[in-house]
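Have a look at the structure below before the remarks.
Each chain gets a letter, A, B, C and D, in the order it is written, and its residues are counted from 1.
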Amino acid sequence: MRTVRLETFADGVIAIAATLLILDVRAEGSPLGEELRHIWPSYVAYAISFLTIGIIWVNHHVVMDQIARVDRRFLFINIFFLMTVAFIPFPTELVAHYIRDGGNDARAAVLAYGFTFTFMAIGYGVLWRYAASGERLLKPDADPRTVAGITRSFRPGWIVYLGATLLAFASPVASLCVFAALAVAYVLESGFFARSDNLE
Amino acid sequence: MRTVRLETFADGVIAIAATLLILDVRAEGSPLGEELRHIWPSYVAYAISFLTIGIIWVNHHVVMDQIARVDRRFLFINIFFLMTVAFIPFPTELVAHYIRDGGNDARAAVLAYGFTFTFMAIGYGVLWRYAASGERLLKPDADPRTVAGITRSFRPGWIVYLGATLLAFASPVASLCVFAALAVAYVLESGFFARSDNLE
Amino acid sequence: MRTVRLETFADGVIAIAATLLILDVRAEGSPLGEELRHIWPSYVAYAISFLTIGIIWVNHHVVMDQIARVDRRFLFINIFFLMTVAFIPFPTELVAHYIRDGGNDARAAVLAYGFTFTFMAIGYGVLWRYAASGERLLKPDADPRTVAGITRSFRPGWIVYLGATLLAFASPVASLCVFAALAVAYVLESGFFARSDNLE
Amino acid sequence: MRTVRLETFADGVIAIAATLLILDVRAEGSPLGEELRHIWPSYVAYAISFLTIGIIWVNHHVVMDQIARVDRRFLFINIFFLMTVAFIPFPTELVAHYIRDGGNDARAAVLAYGFTFTFMAIGYGVLWRYAASGERLLKPDADPRTVAGITRSFRPGWIVYLGATLLAFASPVASLCVFAALAVAYVLESGFFARSDNLE
């Protein structure tokens, strides 16, 4: 029951954050056709952020499936986590606007983007570690292999994101490509090429 | 259970995308009465997009009713599909702004609008084909006639949208009229003139 | 089951429309304290629209409680109805912006506001009439007195709103006061002064 | 059943209000890195408001857990309460924009922020008092200790917020720090340092 209400709230924030991304895609001026080609970084940033938020939603779903009950600390860790997810539209717009300028502004935009994702990954890790350590909130019948699998996949998450973020000091575009590749790799690895699909 | 959470998320994104459409209806200046008449394309674009998103919601509802379970691939196909739905407010605003100018800008706006709908229809088709092929995710008691009916109606969807989109090269206004007609025809055909209404 | 999903979607659109109202409350400039007093019509318009949307939500709740099942026509009537609810933030902003200017612009703003509410009331009436006529979609155990009460209260709804709207030709401020009074009267009459409260 | 629909609506408004906060975080200009440091009050205001809205959500959850049924008056008190929650993004943006200017504008911004929170706390208190007085809407098996605990914690709520608000006349920054401290204290006190965690 309570788990359901937390899921509803989290799903709400995640769905709204994803849908608000479009408000930062803007084109004006004439000829419009040229302008629509000119703003291609907006489409790329929209796609990477929407897909990443979608992955966040799937992961939240995977985590909550193992959890039997929530306590207040878990609620607040969840709120901190959602705070980072709801933040994503802001750096997405910065990346869309500044990536093509190159130089310091592109770097600052990608750093803001990457640090947001890094904080989000840290929040996710804390959320899961709190629930799973000592099986504090887990379902009695939680599958140990699945639990170990989630732990294994969340532990390096923030380090990978931090690495991708710091790459922006060398090349903002390369850093952005890594974020795109991470999202696509996640989808491919966990869904499309997996031999067995144990979700159901 | 899992199907429910996917529906909640999809309903959230679809409802938000529809409701955000109003943010792009803007009137300013004096005399306001004249300005409110001047922006009639905003009302038309709002109505077509809202109705189309409403139809998308009804169709999603029809599809999910036949589905017993979801796997990860289905989740990600669904996210790609929602990415196209959440994109709709952007080209809607372009159409509202540029359709009256005629010429190349109106054409570019309607092309953006039409391609968004075409991608959305492709996403829907892939979603359904993935669920239905080999009855992969269907309910054991799914009605074969309904399943065949959905398949029959989704197959030509993207081709019709693509045709309506390409019509914009000849006439942006005609193209927009076809999008409006498609939405109205869908409502009339499947709801208002149908002899028997098998939804329930 | 299906009724639940329609309710979720409607609640989503209604909640989003209400919450988006705040995006049109804006203050800028210095001294800020003076500016915050200057924009009082924004607070009034926000309060009237939020309360009216809240009443719409309560009424939708009352209607859906009597309904056992939905068919496609009902779904589409519901979408048309939600289209008018989601439209409310636009004329709300016009009223907030123009009511103090007086003259023709204030009149145009209040007319836009009032016609939106009138269309909304018509949509509600059609929704209910479709469900209730011949008890088409009603629960077998729907209370005849409640059904008759809803019919009685919905029938004059759009006429009252239309009257309040046309009053703007004489005085936009008076028209706005009537909209505020209607919302407050609805709350007082149906909730606070009612002898018996049969909702539960 | 009805309680569920009220919770869904409230969760919707609360989640949307929290997620809309990001729309007021804006950075533009070059060098972007400097600009991103310059707007630090936006991050602070975002964090305080998001956390406070999160606490509101948790509290709503705690209150609704004790409630068996809702009547119309409760519905409308709830709408008034949500009206204050949905208002929060507006003064949050004012604080983010004006706090650094100091002087009268910063004071006006923090006063707007504080009065919004004070009204919200009053709304919450009225909501709870209406439900709890004479155990009007409480569950038959509501825990008297929990009920007394909620009453004890809600009674001083608005006075504390009013005090923090009036502090802005002396120092806007100090006032804002108190709002931040209140949110953090709430999290620490009720979640992280509590000896026993009775939520579940």
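Please note the rule applied: a residue touches a chain if its C-beta (ideal position, glycine included) is under 8 Å from a C-beta of that chain, and two chains touch if they have at least 3 such contacts.
Since this is a predicted model, take the numbers as computed values, not measurements.
Matching CA atoms, the turn from chain C to chain D amounts to 90°, rounded to the nearest 5.
As for how the two copies chain A and chain B face one another, under half of their interface residue numbers coincide. Chain A and chain B have CA centres that are 26 Å apart.
Between chain A and chain C the centroid-to-centroid distance comes to 37 Å (mean Cα coordinates, whole Å). In chain B, the residues touching two or more other chains are 8, 12, 16, 20, 23. Listed by label, the pairs of touching chains are A-B, A-D, B-C, C-D. Across the complex, chain D is touched by residues 2, 5, 8-9, 12-13, 16-17, 20, 23, 69-73, 75-76, 79-80, 82-83, 86-87, 89-90, 94, 97-98, 104-105, 107-109, 111-112 of chain A. In the complex of the two chains, the chain D residues touching chain A come out as 7-8, 11-12, 14-16, 18-23, 25-28, 30-33, 36, 46-47, 50-51, 54, 57-58, 61, 65, 187, 190-192, 194, 197, 199-200.
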